[in-house]
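Okay, so chain A shows up in both of these, paired with chain B first and chain C after.
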Partner chain A sequence: MSFTSLIHAVIDGILTGGVYALMAAGLTLVFGVMDIINIAQGALVVLGAYMSYELSTKLGIDLFVGLLITVPAFFVLGVAMEWGLMRRLRDQDRTAMSILVTYAVAIIIEGVLSVTFGVDYVQLNASYVNSTFHILGFYLPYIYVFGFILAVVMLAALYYALYRTQFGRGVRASLQNRTAAELIGVNVSRVRAVSVGIGVSVTAAGGMLFGATNAFNPSSGYDLISRLLSIVVLAGLGSIGGALVAALFMVTLEDVVAVVWSPVWATLVYYASLVVVLSFMPNGLFGKAAVRAQ
Partner chain B sequence: MKRSRSTWILRAAAVAAIAAFVAGCGGSSSSSASGGASSSAATSSTSSSSKAPITIGASLSLSGDFSADGQAFEKGYELWATDQNAAGGLLGRPVKMDIISDASSPAQVVTNYTKLISSDHDQLVFGPFSTLLTVPSSKVVNRYGYAFVEGAGGAPAAFGNGLHNIFDVSLPVIDNLVPFAHWLAGLPASERPATAAIATSNDPFTQPQLPEAQKILQAAGIKILYNKVFPAEVTDYAPIATSVAATKAQAFLLGSVDVPTVSAFIHAFIQQHYNPKAFIATAGPDQGAAFLSAIGGASNAEGIMVPNGWYPGYSNATSQKMVSEYVAKYGGSPSDVNADVAEAYSVGQIVAQAVNATHSLDNSKIIAYLHSGVTLQSVQGPVKFDSLGENGAAAAFAFQWQKGNLVQVLPIGATGSKPPEYPKPNWGS
Partner chain C sequence: MTARIPVRALGVVIALAILGLFPLIFSNPTDTTIAVFTLIFMVSASAWNMFSGNSGYIALGHAVYYGCGAYALTLLANHLGFAAGWGVFALVPVAGIVAGLVAIPTGLIALRARRHTFVVITIAFMFIFQLAASNLGFTGGTSGLQPPTPLWSVTTYNDNFYWVTAIVLVFTVALAWAVRRSRFGLQLLAIRDDEERARGLGVRVGRVKLSAFVLSAIPIGMAGAIYAYFLGQIFPQFAFDPLFDLSIALMAFMGGLGTVAGPLLGALVLESLQQYFTIQSGASQVYLIIYGALFLAVVLLLPRGIIPSVEELIRNRRARSAGGAGSGPPEPEDRGAGVVKPAGVA
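Entry: the complex of A and B
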């Protein structure tokens, strides 16, 4: 193992971590706003990948331009999910029941995708998917660099909306005390619907990046969900910025272990790091209480 | 309070039930499109259709990680059942496939075979997809004394449990890479790669194949620069592929079980401007159009090799008939017929020959017959089981993508072999 390989692993980890952060952002936002653990997040990522695939192969729309269609479409889907399923869960057992309900949503999405597209693997293709640029002795793939930039921009926008705007204050007020928020004029139901819509719409972008960097089929979401959950748990459930930090940390650590030590140990170290951090920081790097108070 | 809680549990259960129904549509739709269980019985000849059908159970991965292979296997089983019924069925009775999904889960596959035998009372059972699922299911099938003929559980792990009922109709996987390794080792010194890299998933199908090839390569003086195992559930292949690319090894052997693994390595190699002179992957490139679609087209597949015991152009009359029937029934072209279909079809053929030879559905007689040393015929060629149940008569081939077609190239000089493209052309050419 050379020093160059180590640096390459760090670069790979940071760039790939950005993609994972984008996929995990929706998960952590929905939990932060609704106390709902969205097990369907992996399936939604795959759905986003298929939508980009359809726009790309059937209509010839560029993958990034296609986000102008898929992101709003996913916003509508998120609002519909909130209205049709999440809103109807009782506050007392919302978190526990959400696991069952969103698991059902995941199975529905997988079934519909299987019927529609079959089970053969596909991958998104564009000129920049395999293209690279050479810098300081390293070949950096455009798709990962573009993906990382997209992730940082979208997560920053999300953070700004939640913590620096009137809407964001409404969101956090409704989280801390629904009744008090309603008394001061916050339309809690609308705030929650919009928040889930935003969370799911971000997933459309994550899905496009996932589909451009991995071959996928309707079942691919299952491989993702455990990783995405571990990222948001490490981050501190509900923390947008934490999701980015946790994704970069965990994926980089995994990539470095794969190169320095062995790929077999990389996955174990990935999850072991989660256990170690939670042992000292039970609320994650950016715990829920702190997140909601920001 | 209690009432409200129950209501929500009921609503959640209803949503789950709808979900399960929709997911089931995914599987059954394919079954229906492929002729389904009922339709395969319905196509039986007039003489056999009036008798009670023989029900054959199988658990297949219609969803989950192995869903592409599982659904291809389903088509193979259904195609065989249709052909068998058209030929008069088994013992004058129509055959009916009873296929249920295990969602690629080693736990579910055990439950499924218990159900197929003890609850559904299927007279015969066929194997699932992959060694991973064959190993646990073979034990439960053995408990009921059923013959367990399968087509995709050829790794040593499937034959090390002292079971007498398991029979694999396909090539033992440990020999898969031997023709490729011998070919590389036998190249003139000036052409032979000086270095090689090996990476394999820790799957029971892939891992046993690499050490055999490695021994042959090292004996020929080829230096192994990278040799690592990665977990089957890895989702980020970039660091592994980048490490391989950094070695600049002239040959690369990949122990893969599916298309995404091979696709990830290919994309990473293209991005890192690394093009080995020889590239073979144990599975993935045999998936026809699905493989080409995932890696960005035929130009990226040019020169990539895959070992196997069968391919759509295999010069065997029953194989060619099966391929044309498949294309007529499911559409596409012959290159879209992957080896899973032939492996599944072969299972049906071997069981049918055993049933006809013993004039019985008695599984103990079928097991004894299959262990008798008799040579049987399948679309994959001759089948002769050794004492463990492995097919000692199977021939190992290697296939290569050449100008958009998967063609047989190894062993050199074998019937149907074309000259291998070596060195592999650059990506996209």
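Entry: the complex of A and C
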């Protein structure tokens, strides 16, 4: 282990962490607004990756330009999921039932992708995926930097929309107290549908970046969902800024352990550190204590 | 109400008769293989429900105890030099105890958290155990381990495993029934409904939750042990499988969370269906779509699970035929509508 490889691990962890934060943002937003744990988030990431794959290989559309198509398409998908499934769950056991419903969605997405694309691994290709640049004594593909910038920009936009706009106030109001929000004139059902739409559409971008930095197949979503769920819970459910911090922390930790100790133990340390942190901070790093005592 | 107990007793007798007669009628190895897997999942779903269904804490990491049972049987059989055959089955209860012992520290840590954090900690434990099994020396790493393989003919092989699993199943269901009927079970239900109030009323919530958690891990460990011996090999990603966690939760939900019969019915339907689809469609993934769509339909149409929904239907019909008025209105189901309307205003 040398000092440069340690630096390399930290930089790699930060850049990849940004992508993970973007993938986790949709999960945390949907949870915050709907009290729904979206197990299909991993499958949606993979779906987004496959859509970008189709657009770039069949139609020759650039990965980033393709987002102009996939992001709105995912918005529609998210609204449809909210309207068709999530709002049909009863309030009292909504969270538990949501795990089942979204798991079913994940299975269906996996099945459709397997039938359409087969189970072989693929990866997104573009000039900036393959070419690298030189920094601090090692080479880094451009996509990591572009991906990090895109992730940070989208998270900032999401943060702005939630905390600085009328819509965001509506979202946060219906999150804190549904009845009160309705009494002051917030259309809670619409706010919820739009929030899930936004949460899912952000995932399309996360999927493209995931597909460009990892090889994937239809069942890649399962490995992903447990990681994203860890990030979101570590951050404190519903916290977008927290998701960024938690993702950077977890992914960097994993990369550093891989260099300092051994790659085979890195993932174990990842989950073990999650358990340790949550044992002492059950609400996560940025979660409010005892949210909405029921 | 008087007709109720005989109906239930009759159901138990019929279920036991089917359990006993099945291998005598179906001797085709394909059928009996499906049957053994189905029984393994009936044990697991029933045991999972004993903790999660009664307490309301959704654990998605019980594969830890399944895997521990599987590895315990394999390691003990190999290191203690058990000859392949009936003798190895003696290790099944031992594997259950090992799983129960593992459940004590993991349960203590996980149960410090509530709700979503609890769910995620159990998932994290599952991955920690899977990764440890993949990387440690004594578990054979990713290439796994092999328990001794008995030299029985295919039919006897399946039948023997069927009988052993059936015994474990009867034990598990008896345990689940006893828990449900006991003061301990009532304390669990109180925790599910309102943990703070239960604590205030003098329920030792920490102790009750941990006991139920450990109790539910034991049959799952036994199921895992049978699974390892039945398959003749064990790999980390199959012993500690995240899909196992979701499957048993789904089975319990589908049949009816917190009931004794529900998880059994759910496992019977889902596992046999899944095994059948897998065999029928071979490598094709179409079954995933059918399975997912079916699953979705059940969750949305019968949100409380099959057993409670059917019971309610019968109760309503009885109330109606008994003369209607005064026998209580049917419980408003109101799913969907309740979400759209302002729930708190009314």
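One rule holds for everything that comes next: the second predicted complex is superposed on the first by the 287 of 294 C-alpha atoms of A that agree within 3 Å, B and C clash if a C-alpha of one lies under 4 Å from a C-alpha of the other, contacts with A are read in each partner's own complex, and residues count from 1 in each chain.
Everything below uses one rule, namely that a residue touches a chain if its C-beta (ideal position, glycine included) is under 8 Å from a C-beta of that chain, and two chains touch if they have at least 3 such contacts.
This structure is a prediction, so every number in the text was calculated from the model and none was measured.
Q: Check chain A with both chain B and chain C modelled on it and let me know: fit or clash.
A: Clash: chain B and chain C overlap once superposed on chain A.
Q: Please indicate which partner A:Val259 is in contact with in the superposed arrangement: first for chain B, second for chain C, both, or neither.
A: First partner only.
Q: Contacts for A:Tyr121 in the overlay, against chain B (first) and chain C (second): which applies, first, second, both or neither?
A: In the superposed model, A:Tyr121 contacts chain B only, not chain C.
Q: Have a look at where A:Ala9 lands relative to chain B and chain C in the superposition and call it first, second, both or neither.
A: In the superposed model, A:Ala9 contacts chain B only, not chain C.
Q: Is A:Tyr271 touching anything from chain B or chain C once the two structures are fitted on A? First, second, both or neither.
A: second
Q: Identify the partner contact of A:Ser230: answer first if only chain B is touched, second if only chain C is, both if each is, neither if none is.
A: second
Q: Taking the superposition on A as described, I'd like to know which of chain B and chain C A:Val251 touches: first, second, both or neither.
A: First partner only.
Q: Looking at the overlay, what does A:Thr165 touch: chain B (first), chain C (second), both, or neither?
A: Once the two structures are laid over each other on A, A:Thr165 reaches no partner at all.
Q: I'd like to know which partner A:Asn187 touches here: chain B for first, chain C for second, both or neither.
A: It touches nothing on chain B or chain C.
Q: Output check: A:Thr179 vs chain B and chain C. Expected answer is one of first, second, both, neither. What do you get?
A: Once the two structures are laid over each other on A, A:Thr179 reaches chain C alone.
Q: Give the stretch of chain B that clashes with chain C in the superposition, choosing among 37-45, 109-117, 217-225 or 397-405.
A: For chain B, the listed stretch overlapping chain C after superposition is 109-117.
Q: List the residues of chain A that touch chain B in one complex and chain C in the other.
A: 85, 88-90, 93, 97, 100-101, 103-108, 110-112, 114-115, 119, 218, 222, 264, 267
Q: Hey, which residues of chain C end up touching chain A in the complex?
A: 56, 58, 60, 109, 112-117, 119-121, 123-125, 127-128, 131-132, 134-135, 242-243, 246, 249-250, 253, 284-293, 295-296, 299-300, 303, 334-336, 338-340, 342-345
Q: Across the complex, what residues on chain B touch chain A?
A: Its residues touching chain A are 4-5, 8, 11-12, 15-16, 18-20, 22-27, 29-30, 63-65, 67-68, 70-71, 104, 199, 202, 228-231, 233-236, 238-240, 242-243, 246, 258-260, 263-264, 267, 270-273, 287, 289-290, 293-297, 427.
Q: Touching residues of chain A toward chain C in the complex: what are they?
A: These residues of chain A touch chain C: 31, 37, 39, 85, 87-91, 93, 95-97, 99-101, 103-108, 110-112, 114-115, 119, 178-179, 182-183, 188-189, 218, 222, 226, 229-230, 233, 237, 264-265, 267-268, 271-272, 274-275, 278-279, 282-284.
Q: Which chain A residues qualify as touching chain B in the complex?
A: 1-2, 4-5, 8-9, 12-13, 16, 85, 88-90, 93, 97, 100-101, 103-108, 110-112, 114-115, 118-123, 125, 129-132, 139, 141, 213-220, 222-224, 227, 251, 254-256, 258-259, 262-264, 266-267
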